[in-house]
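Input: a single structure, listed below in structure tokens.
The first chain written gets the first letter, and so on, giving A, B, C and D; residue counts start at 1 in each chain.
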Amino acid sequence: ERRTARFQARIDADEKIEPVDWMPEAYRKTLVRQISQHAHSEVVGMLPEGNWIGRAPSLRRKAVLLAKVQDEGGHGLYLYAAAETLGVSRQEMVEQLLSGAAKYSSIFNYPTLSWADIGAIGWLVDGAAIMNQVPICRCSFGPYARAMQRICKEESFHQRQGYEIMLQLSRGTPEQKQMAQDALDRWWWPSLMMFGPPDGESQHGAQGMAWKIKLFGNDELRQKFVDVTVPQAEYLGLTMPDPDLRFDEAAGHYRFGAIDWDEFKRVVKGGGPVARDRMKARRRAYDDGAWVREAALAHAEKKRARRAEKIAG
Amino acid sequence: ERRTARFQARIDADEKIEPVDWMPEAYRKTLVRQISQHAHSEVVGMLPEGNWIGRAPSLRRKAVLLAKVQDEGGHGLYLYAAAETLGVSRQEMVEQLLSGAAKYSSIFNYPTLSWADIGAIGWLVDGAAIMNQVPICRCSFGPYARAMQRICKEESFHQRQGYEIMLQLSRGTPEQKQMAQDALDRWWWPSLMMFGPPDGESQHGAQGMAWKIKLFGNDELRQKFVDVTVPQAEYLGLTMPDPDLRFDEAAGHYRFGAIDWDEFKRVVKGGGPVARDRMKARRRAYDDGAWVREAALAHAEKKRARRAEKIAG
Amino acid sequence: MADTDLADRLKAERIALALRLGDTSLILAQRLSAWCGHAPELELDLALSNVALDLLGEARMLLTYAGELEGKGRDEDRLAYFRNTPEFRNVLLVEQPNEDFAVTIVRQFLFDAWHLELATALTGSADPRLAEIAAKTVKEARYHRKFSTDWMIRLGDGTAESHDRVQAALDDLWIYTGELFVSDATDAALAAAGIAPDPASLETPWQGFMDAALAEATLAKPQGAYMQAGGRDGHHSEHLDYILAEMQVLARAHPDARW
Amino acid sequence: MADTDLADRLKAERIALALRLGDTSLILAQRLSAWCGHAPELELDLALSNVALDLLGEARMLLTYAGELEGKGRDEDRLAYFRNTPEFRNVLLVEQPNEDFAVTIVRQFLFDAWHLELATALTGSADPRLAEIAAKTVKEARYHRKFSTDWMIRLGDGTAESHDRVQAALDDLWIYTGELFVSDATDAALAAAGIAPDPASLETPWQGFMDAALAEATLAKPQGAYMQAGGRDGHHSEHLDYILAEMQVLARAHPDARW
């Protein structure tokens, strides 16, 4: 088809596709799925960290964490808005999340068990997210690319804050250092899994690359993350929970042990330790808030009617 | 009327009135009011102490407190049962409590703010209650008298436990002693108010005496309580929050300062510091439990129907 | 020197004031931040967090100042994490539970209207540090009051359910508003010295604002309730101890740690 | 001497067992006691408190024994109040929130059926102290199981609402039952020495009991859920830290006090 060819030509020429432009239905669908999944991840991602706002050990840390979780909500908003430009409503997307039809990043189905987890999430989870997301700032769909630019700027700020927490802990009391090590032990492998299955097994790889929605392979990004992160852990004086980890001088890369893809699959399918808690919390917020949203609508309707009456009268 | 005279003669002869016996409507009503109010007090009284079960500072104290609050629930049950013999259902009584039509002891509208309050309640509130209740063990209405005998036995056990907590605290660290003193400061005057207004102002006094529902005047019981309690406070090494308190050698009584009857009236009328919290908690338990009670009824009904079917079939 | 004079004058009273206001904003921030991730819609997650962040910021400045006045080396964290329940000086209103969104908004509305009046008056404080903090607070409090008032109107004049919920919450929380306007010896001394307004003087404008906003929200102003007080003197409801148990648990488990 | 022999043999494993079982009963007692004063009817206030008291009593015996075996002077309170979250060894099931009465009863039902099987087996333990504790527990656990099973039947075969609630609770909590039957090296060593049953051996009778009771309650047994585990090794859900924050707050605020 000519339109498809022209569309691909525009992408190949690094032009941005905008909502008013024609696009193949598959491109639209893939983007809706990916952007909404990303938005859901931001929103569900508020829960594990939100869990520690009330217990943050200093007022400064409390403020920083609260602002961070708030930023994540903001990211959710940008991304829902970007997806809405593709003709899907936020309401629809939220219902897909709550029904289980839509996914979110399974990293958020692990629990936050200590304050160090707030550091580890910032350092590792946000770190991995940035690695994944920076390329998307150059993706072919304009609204998504622009939302990601904004998000990436904030995320790298979050990542530094997370690392700073880890640094403080690993320079702190023996208990604090232990807390930091324990958090690293629990978050390291799930962070590596955030890059998705090995490229050979990845489903949406080739087409995504052609559409410039996906710009690098999972394994390449994962390797890059490992290469950046291992020296950071060394600087913290913490031990990576991977006995096979070693530096390959020749290749200039850190080689790491085998990832437990069975765990990955189980968690993606909803078997994560706190997956039920996460969905329960989201569903409860949605259900308990129904009367509020209804009231806001009803009030807006009343105001509209009154204004109309005034104009008419 | 002859029946009334015979009824009074039986009371004068210290005979017990039983549910099957004829009784004046006013006697029945007074008893229903008093017994149900007493039952409600036991049930609402579970809340201030229940508030500390989760935080009891040793496992032994936790067990003792849990058992105590459970006993109070048990007292509520005996008393509701005693009132039911007078032809009023528990359901009706509970609804009167929840609608605010029925009262409960306003002492439970003060908050429990520290562990020492658990000691102070046992020592002072249960102490005052016993002073009030022991005479009722000999009251003219059989079921009430028998329920009270059982209750008084347990209450005096509770009172000893409360005093033991106060003793431990007042022999403990400076913070513990301070906690004990603070609890005494807050609970002393409300405990004195538990005996009700001065006899001159008491509404149901004379008739209650004639019916042997009330056996002593408020002021007499209050004085007795003060005389017993002041030396106990001295033994604890705590200071009574009453600068006017002194021993009257001639009379052999402790003379105490003026009671703030305005506060008493305000609290009785629902102005106690946590009155709303108490009623909210009871109402919530009742509302949230509605589906459970309905299910139990529905199941019992199904079972009955199945049995009937079997017999018929 | 005038500065030295002020530094000594009414020091205990200024410490008391800074703790009362600082604790009040801190505890409300703690309550509000529990909504983060659980609000009826994402925009409300952000808005409630915003208010919480502002209040937390104000609390930090006030507690820091209280610690400096005291001069015993207690910083904001020492004051926030290592005082026990009776040492907290917040008003009772802010320690009341979140319950549902109606209760949260009513609590906020009652608080914001007072907070703005108070902060406005404090911008003219003879204590330059308090005046400076208040100047920052006023801008935030104005936005807060608009936010909570808008929601009072939306809920009050929304559906029958929202109206009933918000009216019930208003009736419940009203008994904690009296404490906002109680004046004691501390307040009298501070007012006489031009350091803080007499709390009682804030009531008339506050009531005026209530009348107007509640009318627009089609809500009835509660009447004849017995007012509860005591929080400013450390006599709290049963809720505060639970708030602090959570807030302080980690800091207290590691008393010598830095974070 | 045989006694000395036993006292040394598998000491670490017996400590681990006593903590796992003691913490499990302690945390469930803590959860249950939160109902006291708030249950759907007075009889349930009493019944739930009864169960909590029994479990608390069992926990105290087991923690005391763990402390004695350890020989470092830690008594039941030292163990209950001064260990941190990752040091607790309870199964995940018991730290799940009370939510409503349906969740509470399902949690209890799942637990009681396991608890009775376990305690019955432990009465024959080669460790006389564990056998003695178990003998007491068996009597109580039998009553508990009857209580929770009766309520499962009442709610399951009650109204449509109660059926749905209890089925949903069952579906939710089922993922925590797998952990009850996991065997690790500790369990294997204890089983080989006749000190405790292999947890896996309890599953068949437990499943049998489930099948019968759930059938009578007209409830569907959940299928194919991913089982969660880790509590027995100190890997808990996010709930336990909150439970301990409340439970330990007072004791920790006064570490040197006696109560």
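One rule holds for everything that comes next: a contact is a pair of C-beta atoms (placed from the backbone, for glycine too) under 8 Å apart; a residue touches a chain by one contact, two chains touch by 3 or more.
All figures in this text were calculated on a predicted structure; none of them were measured in a lab.
Chain centres here are C-alpha means, and the one lying farthest from chain C is D.
Comparing chain pairs B-C and B-D by the number of C-beta pairs in contact, the larger count belongs to B-D. Separating the centre of chain A from that of chain C, both taken as means of CA atoms, is a distance of 35 Å.
Averaged C-alpha coordinates give centres for chain A and chain B that are 57 Å from one another.
For chain A, the set of residues that touch two or more other chains comprises 55.
In chain C, the positions touching at least two other chains are 241, 245-246, 249.
Taken as a contact graph, the chains fit none of the simple arrangements: neither line, ring, star nor complete graph. Every pair of chains that touch is listed here: A-C, A-D, B-C, B-D, C-D. Against chain C, in their complex, chain D makes its touches with residues 84, 241-242, 245-246, 249, 252-253. Residues 26, 30, 33-34, 36-46, 49-50, 52-53, 56-57, 59-60, 63, 76-77, 80-81, 100-101, 153-155, 157-159, 161-162, 165, 246-247, 249-251, 254, 256-259 of chain C are the ones touching chain A in the complex.
Against chain D, in their complex, chain B makes its touches with residues 43, 46-47, 50, 53-63, 66-67, 69-70, 73-74, 76-77, 80, 115, 165, 168-169, 172-173, 175-176, 281, 284-285, 288-296, 298-299, 302. Only residues 85-86, 172, 175, 226, 228, 230, 235-238, 241, 245 of chain D touch chain A when the two sit together in their complex.
Here chain A touches chain D in the complex through residues 48, 51, 55, 111-114, 182, 266, 269-271, 273-274, 276-277, 280, going by the rule given at the top.
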